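Order of writing sets the chain letters: A, B, C, D, E and F. Residues in each chain are counted from 1.
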Amino acid sequence: MQPEIYSYLYPKLFAAGALDLYLTNIMMKKNRPAVKVSVLVKKEDVVEIEEVLFKETTTLGIRKYEVERETLAREYHEVEIEWGTVTVKVAKKDGEVINYAPEYDDCKRIAKEFSIPLKEVYQKVEEKFKL
Amino acid sequence: MQPEIYSYLYPKLFAAGALDLYLTNIMMKKNRPAVKVSVLVKKEDVVEIEEVLFKETTTLGIRKYEVERETLAREYHEVEIEWGTVTVKVAKKDGEVINYAPEYDDCKRIAKEFSIPLKEVYQKVEEKFKL
Amino acid sequence: MQPEIYSYLYPKLFAAGALDLYLTNIMMKKNRPAVKVSVLVKKEDVVEIEEVLFKETTTLGIRKYEVERETLAREYHEVEIEWGTVTVKVAKKDGEVINYAPEYDDCKRIAKEFSIPLKEVYQKVEEKFKL
Amino acid sequence: MQPEIYSYLYPKLFAAGALDLYLTNIMMKKNRPAVKVSVLVKKEDVVEIEEVLFKETTTLGIRKYEVERETLAREYHEVEIEWGTVTVKVAKKDGEVINYAPEYDDCKRIAKEFSIPLKEVYQKVEEKFKL
Amino acid sequence: MQPEIYSYLYPKLFAAGALDLYLTNIMMKKNRPAVKVSVLVKKEDVVEIEEVLFKETTTLGIRKYEVERETLAREYHEVEIEWGTVTVKVAKKDGEVINYAPEYDDCKRIAKEFSIPLKEVYQKVEEKFKL
Amino acid sequence: MQPEIYSYLYPKLFAAGALDLYLTNIMMKKNRPAVKVSVLVKKEDVVEIEEVLFKETTTLGIRKYEVERETLAREYHEVEIEWGTVTVKVAKKDGEVINYAPEYDDCKRIAKEFSIPLKEVYQKVEEKFKL
């Protein structure tokens, strides 16, 4: 399979209902390096996802098993830094902030506009965001 | 475990009913790099596969879970190229060709006999094989 | 997530009931390298493990599925080598020794005390231990 | 380092003169998983590349060594398939075609426009392209 | 090689002059998964490092090549957070702060003493540390 | 590149003078997983190795750098175990045995002939082989 196919595959899978996906390097029999594509999907979207995988990749077989998913409730806050506003995704458990992450697209936009290293934008947001 | 054991392990596992297998590099606790062996097997062959894994590897535990498998129907076609005949594995879905792959052993035989790069043999087959 | 967090995470997870854990490198969408943390845990400890994962890592979601586990019965034998006693973990199946492994802590202690390569200590134990 | 930073880093590095780059998963001391960024760069661009790496990543050190590079001469051919024209990158050695690869962007454009699997576009090009 | 040997190997290598080290998973011929140990070392310590590698691992060969290293100047600052003092390693380039990282051991000590998630300690330090 | 090509590539490279080779999984730009082929080769065989790589793989470029190699002197001993004779490769440094490894082909032959687990054959050899 042409390695370029992966970045083409991703939007197709998300459009078909994929909730998440990731790749793992594996080693098959007879010295054959391969890439395992793992897709998290709701039961009702399985058939459509399989359709995409069979059509867009060279796989001859797909394996499926059920997983339960535990996720944190998420909220979106806005944080003002000196170069503009950044949305922060806040994950809560029992009402308490457990995790937070500045939104990449906001940080990237600011980094580009003001020619600041991206990581500096992240740091400024973390400095301003009060837990 | 001696790394040589893997190539010895494979035929043993296939003889015991393995349908497929692959290796994944993992990192265990305390900085210990390790290799996870994943075997796809029918329920009725699980006991025999476990026997092989315990006897031939140094594992102390095996984890099992059920997977469902979706596979494409396969047919075998013959394709003539200038150096001989190559079998092509054709995967179909709802009667339509979805994937195809020239058989490695045929291509390899021709590549050796005529001293041609293996990839050139593959390319010739792809050129000739009409979707 | 700071990579230092992993070695901090391990004792927390074992204290919460983890039976085993390992890391796998994965590649998420948009060129994002990531590390998947896999934890083996009894059903009754799942909630506590999730608590630790959400609190100590930056994950926003945890996936769970049931696995069955086949393990070998284990015994502990003592083996005398010229520099002291080493415990050997012996795995049995149907009464027969299937696997054995010298205990790391014993071998390490001897290697340090007598300034011998660790692998030499292992070799001596293997030489003395009669299957 | 936020994993999102990688896709931001790439255009910055190419703009600074990177000829190629790739990531490798490594395991550092103390159970710390990490990602090694390898950049191929001409001598005269090294300083600028270092500037980008230090500014945009959290690395504290960069290692450099000289490599020689052997590359094939490349030509660009156009191949007509039923849905349009695709450029094919052709690599030659001593005047002989050694490798060729359809351009991803052309294939992707056609796949999208005609709602065909991307791999089918590749296959059509390979069928038409005469070595 | 017993995977336990790695955590034993690390202090030995650092004692022999290793400046840094990391592991990479590789796949050798004949389906043999292996682990490559990379050690950064000053020229004058090469012989001693080789001695350790040959004695403590099962390798039969060591490959060496020269690398140049570019590192940032480092300073250590102290940052007060509500639970105590944390040292922050600050990397500078041309007098400007480029990177900084709270010291793991300080953060870990506080996390343990006050039963706070380690990542919260890091976040508090980042909040207080002014670039 | 078809993953089957790797096992075909190996004997070609060794025939062309490769002293050793291994694969590493890497991640290229634009989400493209790839496999890096590393070949150790004497200077006088570089051209022939390049020829094989360009002909048999789809690479468009090869990078080269010089490495020095430190290897242990090797001897071959014979060890008698209850099922036959096994050659043991012995590595020495300054006249002292540093490493040893039973030859895979001998162990495999015995394991097959007597239907014994391969690892048991290794263990018997280690038991008999006196350092």
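Please note the rule applied: a residue touches a chain if its C-beta (ideal position, glycine included) is under 8 Å from a C-beta of that chain, and two chains touch if they have at least 3 such contacts.
Keep in mind it's a predicted model, so treat the numbers as computed, not measured.
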Going chain by chain, each one touching the next, work out the least steps from chain A to chain D.
1
Give the rotation angle, in degrees and rounded to the nearest 5, that superposes the C-alpha atoms of chain A onto those of its identical copy chain E.
180
Same or different residue numbers at the chain D/chain E copy interface, by half rule
different
From the C-alpha centre of chain E to that of chain F, how far is it in Å?
30
Would you mind listing the residues of chain B that make contact with two or more other chains?
4, 10, 23-25, 27-31, 33-34, 55, 58, 65, 101
By the document's touch definition, which label belongs to this structure's chain graph: line, ring, star, complete, or other?
complete
Flag every residue of chain B that touches chain C in the complex, lowest number first.
24-29, 34, 36, 50, 54-55, 58-65
Residues of chain C defined as touching chain B within the complex:
10, 20-25, 38, 40, 65-72, 74, 91, 93, 98-99, 101
Can you name the residues of chain C that touch chain D in the complex?
3-4, 6-7, 10, 23, 25, 28, 30-35
Can you list the residues on chain C that touch chain F in the complex?
27, 29-31, 33, 120, 123-124, 126-127, 129-131
Would you tell me which residues of chain F are touching chain B in their complex?
1-2, 4-5, 8, 55-58, 101, 104, 108, 111, 117-119, 122
